[in-house]
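Shared between the two complexes below is chain A, which has chain B as its partner in the first and chain C in the second.
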Partner chain A sequence: MWRTARKVLARLRTPLGALGAFLLLSSPAVARGRVALIVNASNPLSDLTSAELRRIFLGDETRWPGKQKITILLLPQGSDERKALLKALLKMSDDDFTRHWISRVFQGEATSGPKIAPSPASMAKLVAGLPSAVGMLDADDVPAGASGLKVLRIDGKAPNEDGYPLAR
Partner chain B sequence: MIRSSTKTGRFWVLFGLLFALIAFEGALALFVFAAFTRSVADLRTMQTAGMRIDEFGLLLNNFVKEMKVSTGIAHTGAGAAPLPHTAALAEGARALGEVNQQIRSDSLARLLEDVGELRTAVAAYGGKLQEGERDDATIAYIETIEPLADRLMSTDFPDSRRAIFAEVARVGEANRRAGLFARRALALSLVATLAVGLLLGRLMLASLRRAAAQERELEHRASELAIARSIQTSVLPHDLLLPGYDVGAIMLTAEEVGGDFYEFRRRRDGGAWIAVGDVTGHGLRSGLIMLMAQSMFTMLSEEDQADPSPKRLLSRLNRSLFFNLRDRLGEDKYMTMVVARIYPDGRLVYAGAHTELLVYRRVADRVDRISTEGLWLGLVAELPDDSEDREILLSPGDVALFHTDGVTEARDTHGRMFDVDRLAERLREWSGESAAGVVERIAGAAREWAPVPADDISLMAIKRS
Partner chain C sequence: MSVSHRVGLLALGLLAANGLVAGPAVVWAQELPQTDDLGATEISMGRTPFALQGFGDVNYTADPPGEEQGGFSNGALDLFATSRLGDHWSALAELVFEADGNTLATDLERFQFTYEHSDAFRISAGRVHNPFLRWPITNHHGLFHQTTIDRPIIARWEDEPGLWPMHFVGLLSQGRLRGRAGLSYALGVGNGRGRVLDEVQVGSDANRQKAVVASLGLNPDAVPGLALYVAAYFDRIPAVSGSLREQDYTGSAAYVRGNVELRGEWSRLGHESVDSGINYKTTGWYALAAYRLSGLGGVKPCLLIESLNVADDEAFLEGAQDEEAWALGLRWDANRWVALKGDYRSRRLEGGDREGAIRFQLAVNF
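Right, the complex of A and B next:
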């Protein structure tokens, strides 16, 4: 809550940001505290189940339906969004998740693990630039109308809808 | 002669075969040496290739692992991080490139190409980092570098390693087979050489033994011939004196004893017995039969009979000779012989079957050719009753000439015989000579006609004084 409030206040510093904050706060379905999963706009998928996501993030599923390799992009360790995603989706701590992937890579079960996007802006840029990517952002950080990105619906729910599973 | 030619031919065939085998072994040894040298070089190249690919595999593995650790989940920093240096990878690729110039493997070439591409991508990645374009660097990493690295690790490197070690195995197997083939070929060739050598040695040994046997045989025969010739000549009469007559005789023996025979025995009544003959065949046996006939003749001519006639003497001699030849010796030989009795009044009574008797008639200055008819001695036990004594009369100056076929059948280098006509002509020509002179000159002429005599030459001339 406080984090969202800080973001709203930060956006109020510029006219465009103020406009964004207004739109955000006046939206009937504000997605505060929810983690959005984003994919490249070219990705044909728009809806995934929690189970499918778990398989992807654990490395059990490595390819999109079009056989393209899945590139997992995460925010850096310690970030709230990352922790929230791992807890809500995988019931894992950050350290457990890291150990899981180290184990998979060193046992040869995976060629490489998830990649790090240092910031939400980088995340948006990387996902927009990588057709194979699936990334994460705080739902509030998803640039409105950002080209090249698509927010996935999870279990049929968008981040701003009730019952969305990746809520903090 | 044919047998000898066959043996000589076989010897040369075996010798040629042995030479060919030795030449083949030499060539094979050179081939084996060259193949061995080449195979050693090939194996060394392939072993080097194997070592280099494994070294490179370690370098690649280290690089990729380090790279993934730098950029992957273990990294907690701010996104794209510097990648490991590619210098070691480049050095490994250079060494592998040298190897591939020799082995020219497609998979290794693909590996080296991808390594080059990876190095370029890593360099570009570094450039983006330096320019602060971290997100672009991350995209380049995810889209280009990591797939390249994965392809190198999962496909290029294993394919190359498999190809190299398959080649190592192939070269090794080829060398093993070549070596096995060469060893077998060499062993077979050596066995063949040994066999041919043994055959050749055996043949040479047999040849040496045969030569030694031939030499012994020749020595034996030479010794035998010497004995036979000695027997033949030692029994010849030396005293040919006969009142009212001039008697001369000669025998020129051939290389091989011919079995010629002549004899002269004076009688107490002033006459004499003479005999001229020839045993069929040549050699020691013919000489011995001649000696036998001579002994019998001597004995029979010495018997004091009331009316000794050549016919009766021949008949008794034939009986004894036939008995000895057939019953005792089992010999299928016989002999021609003419026996004559010379009377002081110029009569010459003769019987037997031999060569023609030539008689020079001084008054007419011609030579009469008188055939001697009858059966050869030793053919049958009893001579037929119809054989009879014949008689000629020698006038003063007439010459009766007995001869053996060695005179008339002497052949010159063109194969022409001396023949009876030439003999008669020579008799007429030299009839003025003494009896000894006549036989010596005729014998000389015959020997001159046939420098290499095939048979004995015997002549006996009785010239009435």
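Right, the complex of A and C next:
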């Protein structure tokens, strides 16, 4: 909520920004704080189920249907989007998630864990440049008309639709 | 010095050498700098993505039963390395230093190379953990991973001593099939047990019959966190006390999600004397319930109840005793790398009185 409030205040500084703030507030994606999952535009998938995503983020499924190894990208620890994703999708704290991946590597079922993108901007850039990537952004941070990115539908829902499962 | 010790020290040397080059963390291969004016670079040799981690524990037992005095004990130092060798190949080594009485023992616990074709099929060659019981496959040697201080009786390693076959040298294929049932499998063939209970046949097999292990698992999408497994293990043991046919079976269930952790496993060892036809059946089980209290700094109370019923008069298991035990404890994670555990464990050995002890453990991941 504070994040959205800050964005609204920032946009109120100019008339055009005020219009943006109005659109921001009227957007269901912003009002409800949705986390968008993004993949490279070349990825043939556009819709995944919550269960499939859960398996991917827990390392049970490590390859896309074309056998390419999945690269999981997360925002830094403590980010709202990351906390929301772990809570809504995995029912895990950040520490549990880290320990889970340490355990996966220790079990010999993975050789490394998810990678960290330091900021939303770098997340968008990395996913756009990595065909194997799946990443996360606040739905409001997905660059409009961004080339190279695709927002996944989850359980048939886009981030701005009712019933979208990754809400903060 | 045993073969496993020599191999262990060699592996440690390799790990140390690689660690000196690569550093004690995940290090990715890098292009070497230009070496001449033409822009040529050196060929990169032996530098692959490499990760080295350690697990360790220190224990304190207050007022133990019997003649022993309370005191500190070194747990295990577990050095664990993985390396990704391209898109489909990887290597894994696990080297454990542990107290053996008042001396230090070294064991190369795992040393395996894996080819991963897909999530549905990967195959490993080398010394692996037997995928027969779930506890050791979930927690391996690092006590940091498990909620309790102890491994359950049935999940003790061969040299602790445990009765179940925990390691073997051979081939192990594993995979997970796509679908809502979350069906997974493991199928392995290896050297199996040696002439005595704690011998893992690392260098050669004393008989022609190989050990075979198979397991099936379910992780249904409908109940996230639920895992069900069954497994079977077959071997011909070239025991000093006489050749034995081994047929072991296990069933396990676990539910781990959010603050809840529930685990249970039942297993039976079946040994049949080839000479006399006498059947020996040993059974064991454990049940663990734990719940993290979010409002109390994440303290996690846990209760482990377990039992072992050893076959009477089986020479191969000589010295093993029936045992019943329970442990009521707490685990607190100071952060994601450090865990403090404490418990009261009560046990009764065959023909003895019930006895108990208060224990503490510091377990770390570094």
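Following the convention adopted for this analysis, the second predicted complex is superposed on the first by the 146 of 168 C-alpha atoms of A that agree within 3 Å, B and C clash if a C-alpha of one lies under 4 Å from a C-alpha of the other, contacts with A are read in each partner's own complex, and residues count from 1 in each chain.
Rule of thumb we're sticking to: a residue touches a chain if its C-beta (ideal position, glycine included) is under 8 Å from a C-beta of that chain, and two chains touch if they have at least 3 such contacts.
None of the values given here were measured: they were computed from a predicted structure.
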Fit or clash between chain C and chain B when superposed on chain A: clash
Chain B versus chain C as contact partner of A:Pro118, first or second or both or neither: first
Chain B versus chain C as contact partner of A:Arg63, first or second or both or neither: second
Touching partner for A:Trp101 - first (chain B), second (chain C), both, neither: first
Contacts of A:Ala133 with chain B and chain C, given as first, second, both or neither: first
First (chain B), second (chain C), both or neither touched by A:Ser42: neither
Stretch of chain B penetrating chain C in the combined three-chain arrangement, among 146-154, 218-226 or 272-280: 146-154
Chain A positions touched by chain B in one structure and by chain C in the second: 69, 98, 102, 105, 111-112
Of all residues in chain A, those that touch chain C in their complex: 49, 51, 54-55, 60-63, 67, 69, 91-92, 95, 98-99, 102-103, 105-108, 111-112
Touch list for chain A against partner chain B, complex: 69, 71, 76-78, 98, 101-102, 105, 111-119, 122, 125-126, 129-130, 132-133
Chain C residues touching chain A - in the complex, by the definition given at the top: 26, 49, 51, 53, 55, 80, 82-84, 87, 90, 92, 110, 112, 114, 118-119, 124, 137-138, 140, 142, 145, 176, 178, 180, 182, 219, 221, 224-225, 257-258, 333, 335-336, 365
Contacting residues of chain B [partner chain A, same complex]: 68, 71-79, 134-136, 138-139, 141-143, 146-147, 150, 153-154
